[in-house]
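Got some structures for you, see below.
The two complexes that follow have subunit A in common; it is paired with subunit B in the first and with subunit C in the second.
Let's look at the complex of A and B:
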């Protein structure tokens, strides 16, 4: 009984309930939604968002926001794709180092602008959102990297599986989730991010190197965007200067916020974020299956995000209310 | 009227120039694409560039970041300012550009639509260059699909956006062909879905088609993003022998899928030839060697005799090109 109550008191309860209700509702109309095959489809929709969401979660917990992730994804994917195209003799896994490295450098630049010039992150990253996208056009001469230049071994990471028919990129994304969990729960710096976000004024007084922590979260966000960049090339087989990563920030921030990460900083969990990502994946997979026409899908997608937030908030407030009753 | 005077003036100028010395400024041509980073336009641009190398014109390609109806207006204005002789454009809207194109024409600029026309507003451009007679796209695609599935079974269409005019014309023609031609009476169109020309969305729509219609034997995707996404789904599920994908695609994007047998054949035209024809036409008209009148004909190297059809429209080829494992390596776009 206590265990059950503890489960419901957790922040993640609302979103978990939402996922279950949503899947049951869709499954009632389209039974094929509740099959392993559609689970595979949902999971394949989520790896990039999952990876981006882990970085974004850290940034938002530190009371900032990173709007430039889609452009960092696009730029690192493009440079990596150009390496594949013009230097095919380079061993392809080097692409991971290149993509992650470039992403980290761009993220670090965001962090430097935020800390050095004391600018709000929303403005800085809005600027670099455009800057990095513009640089993507410049380096690529606005030319797409076609399918034939992306190494087949990289592409097959999205199709072949080490175990249970689950493709490699899904393992990578959950691996990043686990690493993030370890980082925030079991390292000093990880805890400092939360301390900084809950009280930025008190944080330096408690000996937290605020600038270093801020630089770190933006660099991680950039590095993970870079990882998502090379995985984009794996998943879709091409890199396009305007499409690749475009709108990525909206999906990721929606997932993070649905997952219960407070936009006011200081609060958020890896599990909640993962559930937020999965809910978005369920919705994206369910809408076409239900035969909802393309013209109304984006309105419904938006409405589902709002409803999810409302349900999450209601469930949590009731949890808090019952907790205070129990104590009284 | 003004245009005719100008053309006459130009012709006169040419005549004088040839008698005195060939010191004429090269013709400046700009092509305004729908959006940047679209590999389709790289190919059209290639045709323009090669033609300008042999004809001695100056060529530039510009395009807005996104393919919105009004996003091309500032680009047209900038080119009028720059003083180009020819504006070729792939219009993002059939009517939003009327005014700005009129002001270009008033400055004596030759305005051509290339790869898409201002349907219903043809008076706002001087001529149009289209790859094929687009009324053939629908029937040709249905025939190719039919030949792949033995003219029998459930098929679906995976399109781009719901409001794209060319897509809707083709889809309407596909529906007509399926309904009215007895040859296709056993082919059953079960759904038409839209992937918005995004790989993610096209993929989820394709997955949903497979899930909702287990008897599906074919998918026609008359859009380059859609056909690649559909092929990728079929490839990763290993169901190429059961579900046949075809449509309109770029050889550069489809080569791998054709070689590994995921897609046996698909169609398109040569975007390269559109640029090639447009440059030859523009230089010819400005030089006075081509009359921009319905019914007049002219020769273009590699393309043969081109006839200016109704509404000043020209086509680079009569039928769609079909690409398969045998010929795909002959195309480099």
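Let's look at the complex of A and C:
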């Protein structure tokens, strides 16, 4: 009973149920939604969001927010793409180091602005969202990196598979999820991130180096955006100064919040975040299948996110209430 | 003052400790020796320096001058973490915790073993936490999150944390203020056990009877100076109060010569199922009626029901003889009711707003005729109140959170006086207020009654009820159990009615 109760009260259970119900509902209209093929489509829609969400989860748990991830993705993808274009002799995996390194540097800058000048993260990253996007236009001269410049080995990471026909890129994203899980659950600094978000005033009194931890979460968020940047080039085969990464922050923050990460800090799980990402993936895959025109998809996408949050909130509150009644 | 042998050597010796904040000296040349295995009270009004001294010992503040010697070795307590490693733990009144982390994690957080990427030893952590809880004899599931634990339990977790780092000196800063009497008992039992193990406890409290019940020695602070350190047995309460405020305290004065007039508030058979039932009471103009009882007896709920915060399910309320329906505080204010709530931090003040806005918050009509706030009117009203009630502040534009507790409370009283209420309900108005300000507060309440207002005073402090009130009502488990005239009311008669089971359970019409 206790075990059941704990499972029921877990936020993750609610999201899992929502995913299943959503898939059944769509499958009832379009049976082809419930095939392995469409699972592949769903999974291919999610790796970038998954990677971004892991970083964003850490930032939000620490009671901040990072709105600049889409621009960090765009900038690091652009610089990496230009490296491919102008220095094709460089061994292509070096691109990973470049993209992740640039992302980390941009994230570190966010962190410095937040810690050193005590500015609210929402303002800082709103500023750098524009700043980094602007820099992307400047370095690229507003020109796209076309398909022929992206190394085909990189592009094939999104198509070829080591096993089960699942492309490398999906393994990478789940690998990042596992790493994040180990980091938050089993390292001292991982727990300090939760402590900091749970009570920022008490954190220094318990010997938590608040500034260092804050710098760390923003740097991780940047580094993961950088990783998502080069994987964008892999997935889509091009880098565009205005489209690449645009709106990324919206999808990622939505996934993280649906996944049960509290915007008030201190609360969040990797599993919940992964499920949040998958729910978004299902919705994104279902909309075109249901024949909903592109012009309406955005509105429906937003509405679905709000509905998911509402259902979760009500169901959970009622669940808790009925359980405490049963107990009394 | 010279220490001769190891056993006589104090655990902690403070010499010449001084502290200034922004040029203002709040602590001057304090010398203090703490013995092994004693419970040592620090007494003084707010701002006397006792908390500052405790925080210096605990590494929260650094002294401007002076030295600390621990076990004969000079020490620099540069941070709470250093303090912890020296075996000194400060337990805050509202314990500092991480609500989203588990109890066990809260216990070990801050232990400085291992680097950033060191593994978190979950199993070991949980086992240790359970052992500590067993040691203290408290039943708390250590895997549950801190959020939702009672303050008493949170304090227990803090004490467990002190034991986890084997603290020899445990500082408790007003630990009993938010506790129920039973929880206080438990806390005292544990404190005594820790003392008997040879640990030293610094106990900061406003309540003399608690200091007397628990402590071995007492040090009294006034205006940043240490005034005296004595064995508790050698001082009478009057001595202590005289040392604390530097002058003998006047007896609390009962208002005199007030004529008690018509019934201003009449409540009949007020019932809110599961909370209180069949509450009937009257308060007349110029009358001060006390409402006593134990914490949780439902007194605050009755007040909230009368004021329309959480209206009762059945029963009638009459104001000035007319039956009224009060569905919201708005309606109550319009009828001339005012309610100064119990927990001012939560329900009373707007912490970050200026004092003047706090004072005028209940009279939007007066400061904003036609919907636009007139700054001059607001300022005039507020500064008038500040003078009348002798509220001490730097500026009317100061955020109210910066004022001392007593002055915050005065500002809230000022807010309600501006509404010119007929009926004033005060819920524990003097909790956590200095003795000096308290006396002022009593005078003010007395004057209010004398000017013909009806006052319902909820208080857990028996001397307060006995000194101030014309009548004392007592509640127990949601029912009125006594209606005592001033002559009948004694500590015994009130407690007899307040303790469940001690009195007959018949409802009392008041």
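Methods note: the second predicted complex is superposed on the first by the 317 of 328 C-alpha atoms of A that agree within 3 Å, B and C clash if a C-alpha of one lies under 4 Å from a C-alpha of the other, contacts with A are read in each partner's own complex, and residues count from 1 in each chain.
FYI, contacts are C-beta pairs under 8 Å (C-beta built on N, C-alpha and C of every residue); 3 or more make two chains touch, one makes a residue touch a chain.
Model, not experiment: these values are computed from the prediction.
Undergrad: For A:294, select first, second, both or neither according to whether it touches subunit B, subunit C, the two together, or no partner.
TA: first
Undergrad: Can A:195 be said to touch subunit B (first), subunit C (second), both, or neither?
TA: The second partner, subunit C, only.
Undergrad: Look at A:118 in the shared chain and tell me whether it touches subunit B only, subunit C only, both, or neither; answer first, second, both or neither.
TA: neither
Undergrad: Tell me which touches more residues of subunit A here: subunit C or subunit B.
TA: Partner with more touched residues of subunit A: B.
Undergrad: Answer with first, second, both or neither: which of subunit B and subunit C does A:267 touch in the superposed model?
TA: It touches subunit C, and subunit B stays clear.
Undergrad: Where does A:206 make contact in the superposed view: on subunit B (first), on subunit C (second), on both, or on neither?
TA: After superposition on chain A, A:206 lies in contact with subunit C alone.
Undergrad: For A:240, decide between first (touching subunit B), second (touching subunit C), both and neither.
TA: first
Undergrad: What part of subunit A is in contact with subunit B in the complex they form?
TA: Within the complex, subunit A contacts subunit B at residues 30, 32, 37-38, 41, 45, 137, 140, 142-144, 146-148, 152, 158-159, 236-238, 240-243, 284-285, 287-289, 291, 293-295.
Undergrad: Along subunit B, where are the residues that touch subunit A in the complex?
TA: Counting only subunit B, the residues touching subunit A are 35-39, 42, 63, 65-66, 161-162, 191, 193-196, 198-201, 204-205, 207-208, 211-212, 228, 232, 235-236, 252-253, 255-256.
Undergrad: Could you list, by residue number, the parts of subunit A that touch subunit C in their complex?
TA: 185-192, 194-195, 197-199, 201-203, 205-208, 262, 265-267
Undergrad: Residue numbers of subunit C touching subunit A in their complex, please.
TA: Subunit C residues touching subunit A: 60, 79-81, 96-101, 105, 109-110, 112, 114-120.
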